[in-house]
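One chain, chain A, appears in both complexes that follow, with chain B as partner in the first and chain C in the second.
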Partner chain A sequence: MRRGVWRDGAILLAVAVVLLLLPKAYSNQMLLFQLMVYLALSQGVNILYGFTGYLPFGYVGFFGIGAYGASLAMLDLHFAPLLGILAGAVVALLLGLLLSPLLRLSGAYFAIASLAASQAVYLVIANPSLQNITYGPYGIQLPNQFNPIASYYTMVVVLLLAVGVVLYIRRSRFGMALQAMRDDPVSAAMSGVPVVRERIAAWLISAALAGVVGGVFAWQTSVFYPDAVFTLSISIFAIVFALFGGVGTLLGPMFGTVVLFGMYNMIGISDPQYFQLIYGLLIVALVIFLPDGVASLLRKKGIHVL
Partner chain B sequence: MESFFTAHDIEAAYGRLQVLWGVDLTLGRGEVAVLLGSNGAGKTTLLKALMGLRPLLKGEITLGGQRVERLRPDVRVQRGIHYMTELGVFPNLSVDENLQVGGFGLARAELRRRIRDLHETFPDLGRLHTASAASLSGGQRKMLAVAKAIVVPPRLLLMDEPSAGLSPRFVAEVVAVLRRLREDGPTMLIAEQNVKFLEIADRAYVLDGGRISFAGSVAELTADDAVRQAYFGVSGH
Partner chain C sequence: MMRFKRYLWTLASVAALLAMGGGATASAASAPAPKFITIGTLYAGSGNYATSSLPELAGLKFWISQVNAKGGVYVKAYHKKIKIRLVDYNDQSDPNTATTQYAQLITQDKVNILVSDFGSVLTAAAVTVAKEHKMVLFDPTGTGSSFFTPPSPYIVLTSLPTSAVWPDSFAKYLIALGKKRVAIVYATNDFDGAQDATLVAALKAHHITPVYNNGVDTATSNYTVIIHNMAQTHPDAAVEFGYPNNDITFFQNLSASGVHFPFLFTIFPGQQLALLTQNVGAKALSDTFTYPTPPLLAYNKGITYGLSLNAFAKAIKPQIKSAPNFLDIAGYQAGLVIQKTLETSKSLSQLDLRAAAGRIRFFTLDGQYKLAKSGAQLGELLPVAQLQPTKSGGVAPVIVYPQSVATGKAVATH
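Coming up: the complex of A and B.
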């Protein structure tokens, strides 16, 4: 147990060192920031899908509402950025609580319902008649808040938090209960696991994480439209990155994000048509040959994947 | 023997399709009963109804003289009714992790002590404590399922087809485990198709088309010609 805590601490320290040194090795800080956003979001998907089996196609809804919650708190309530980000997390948490009845569904029904819910939130936010409250389709501007350095390091902290949460879940009884529920919810309930409570807890942790990431993203960009923070591609990227590496592990989603996001930035921007073709083929190959991600390849060889 | 667990006039349905009619069961404290029945007879539905996982159309259930039929499943677990499903284990967890989930409500120190005890009771599990449940043999997996169901000692253990998917050799292993367990163990109701489990039973019930068609001691059951014909493949003549 004690050895596990030390090991987790060492992992967190290693991730922190890499993230803090990255800007010295690579000058495109904007790209590094986006990489961290997806690293954190893929861990959020990991917490929900990897440990409970619920695939949240509408995960972007929490990211978007977090971005708006933080921005509106800064604009209308004059919160400092960090406090605004906290407000964004609270708003995402409340949305998660509101949507928690969706967890009664399972499989494709849950995936589609969560997607519909995120689009409903987007339509409310982007509604021109609510412009006085949400600034409608014209988006948000955060005057005098732009601070790329501070927001970058805040994102480092948020990513470390996400990694810490996943490490905790992997070692804790809570995480074990989640994985048991994923295998067989009836047996888990019959073992005394409070299935509904634990499932909602994982859902809310995942929602709050996306909300915090959305808040930091809003601070970093300072100008954005509703489409930018509610676009479905955010959900899809986070899900594909996590699945590619292998959910239920810490390193799988990180590996998937670094490889696929790197690929996206190498060819997705210069040759989007090839990128979409390669991405499409990759997803098909993933579903057919590696449904449990790259991590499963290592596991088959007897290698433990953290 | 004074009755410890009773189910009286149990009726249950899936939607409009009624599958259990007037089922009565009685078990004394520490007794083991086998509930025999073919596929589709309603065995799993009956266990789920006793556990509160299927609503009752009517009926009463008592444990230790207290009515439990209106209690939620998790409250029944707290009262000591444990249910071992057909799958029984969590394949993606290790042996010890399965046992830890089995004792979810216990304090850490108590849980560690119970798991040590279970390693002694089931030496195979002790030896394989870090192995994934998915990598265990069928017999070992059932052993783990039994161990998981008794991490918190139950007062009544409901078991759904512990022999399902096992070869005869592994069935014999599971029967041997249950024989050891019954020495100072819980009251058990084992839903089965395999008559080998009668070796460890005091009492037997036969469920046929959702109705109890036989209730009595194992000796009475083995003397019943119709039952012998149906389950042992031999007639008394």
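Coming up: the complex of A and C.
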């Protein structure tokens, strides 16, 4: 157990050191920031899909509402940015609570229902009739709060938090209960696992994490329209990155994000059409040959993936 | 004595620092001129904004080819002509991709000049990045009012006034015509929403409350129900504010619905007449009112900088294989503003470039260029034109308001 704790600490330290040193070696800090956003979001998807089996296509809804919650707290309630981000997380948590009945669905039904819910949230936020509350379709501006350096380092902390939460879940009774429920909810319930409570807890942790990430994203971006924080591509990227590496592990989603997001920025910036072709082929190959991600390949060879 | 020594040390240190500073200035002035002036921009090769973004890029590329054919642009900071090099990335109409790519242009490609993509949504991504890196953003068509809220020292709107100003003449025209029942549908984005707000405010100031005023999602693909809802209010004027895709859908659905509005206004027939005609036909556009922009608003006389409209249309045709539209001109106009900025800026520092862009006063094929302190464009005006049928079966714009620039009178709609 003690060895495990040391190893977790070493992982967190390594992640922190890499992210703090990266801007010294590579000056496109915006790209590094977006990498961290997807690293954290893929861990959020991991918590939900990897540990409970619920695939949230509408995950972007929590990200977007977090961005708006944080921004409105800063603009209207004059919260300091960090407090605003916390408010964004609370709003995402409340939305998660409101949408928790969706967990009664499963499989494709849940995926589609969560997608519809995220679009409903987007349409409410972007509704011109609510302009006095949400600024409607005309977007958010945070010129007085704009601080790209502080928001970058805040994102480092948020990512470490996300990694820490996944490490905790993997080792805790809570995580084991989630995995038992994912594999066989009836047996888990009969073994005394409070299925509904634990599932909702995972859902809320995942929602709050996306909300925090959305809040930091809003702080970093400072000028954005609703479609920038509710675009479906955010959900799709986070899900594909997590699936590519392998959900249910810590390193799988991180590996998937670094490889695919790196590829996106190596090929996708200059030749997006080639990237889309490669990306499409990769996803098809993944679904056919490696449905459990790259991590499963290593597991088959007897290599333990954290 | 000790205090005197410390005083001497301080003086010596200040002198040394000044000497180092002076040396640095001298070395900057004598620094060799770069081989190229690098311009970085993005374009949407696919997605919602592709039809507008691609011609804008074509206009900018045309300007670069013109300048390079003459040995480059004169750069006052180096007292010589330097060729232009373009670095352009495809953002696929995605603002999040655009954010990374704008940062890539600044931090990795080290561009000297940053030009934003078409429209407010893709320009919003650039505003933040440009501000972060203290880089001037030459903005051809991102007219969202929020970008120009002071302090905004890093943005230069090169072509059009901010969107909230667009309907000024149009609102006056409606009031002058005595329209009392105005029905408005607008796409819910910054560009169209701002125009709706301005129009409604102007009408209400004359005690006219629109009989219909509703927003629809910019991605709306069917206006049929909305058209019938508007018709049920019996408007004497119908207004549709949208992007080109919205206008096309609106006209297609209007033709299919059998509904007829006695007065109809839309935005993009005045900017992209060929695209609209190709998609909905000249008959559907006949008698529609719009904002005419160049080339429909033809500036051939009084040009003080760059090509006249006729010369431009002739010169660009081999590159774009068709007659230019407004966005080709907007791209070219961005190039002209950059050219004049480089010709007059005392250095390539971003604040000097911004100051030089603010001092420019010229009249181009795009009209009067005059920049406000906020970086917004003040010079150009947007009159009202009607697309009237021609003998060849097409439509041609006739400017009907204001009287000072009118080229004809409005005809009753059929």
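Everything that follows uses one rule, which is that the second predicted complex is superposed on the first by the 306 of 306 C-alpha atoms of A that agree within 3 Å, B and C clash if a C-alpha of one lies under 4 Å from a C-alpha of the other, contacts with A are read in each partner's own complex, and residues count from 1 in each chain.
Operating definition for what follows: contacts are C-beta pairs under 8 Å (C-beta built on N, C-alpha and C of every residue); 3 or more make two chains touch, one makes a residue touch a chain.
In this text the structure is predicted, and so the values were computed from the model without any measurement.
Peer 1: Given the superposition on chain A, which partner contacts more residues in chain A: chain B or chain C?
Peer 2: Counting residues of chain A touched by each partner, the higher count goes to C.
Peer 1: I'd like to know which partner A:A177 touches here: chain B for first, chain C for second, both or neither.
Peer 2: Touch status of A:A177: first partner only.
Peer 1: For A:P148, using the defined touch cut-off, is the partner it touches chain B, chain C, both, or neither? Pick first, second, both or neither.
Peer 2: Second partner only, chain C.
Peer 1: Quick check for you: in the superposed arrangement, does A:M190 touch first (chain B), second (chain C), both or neither?
Peer 2: first
Peer 1: Hey, which residues of chain A end up touching chain C in the complex?
Peer 2: For this pair, the touching residues of chain A are 27-31, 34, 123, 126-129, 136-139, 141, 143, 146, 148, 221-225, 227-228, 231, 233-234, 265, 268-273.
Peer 1: Under the stated contact criterion, what part of chain B meets chain A in this complex?
Peer 2: Those residues of chain B that touch chain A are 51, 53, 73-74, 77-78, 82-85, 87-93, 97-98, 100-105, 148, 151-152.
Peer 1: In their complex, what parts of chain C are in touch with chain A?
Peer 2: Those residues of chain C that touch chain A are 45, 89-90, 92, 94-97, 99-104, 107-108, 120-121, 124-125, 127-129, 131-132, 144, 146-147, 149, 188-190, 193-194, 215, 217-218.
Peer 1: Which residues of chain A touch chain B in the complex?
Peer 2: Per the touch definition, chain A meets chain B at residues 173, 176-177, 179-180, 182-184, 186-194, 248.
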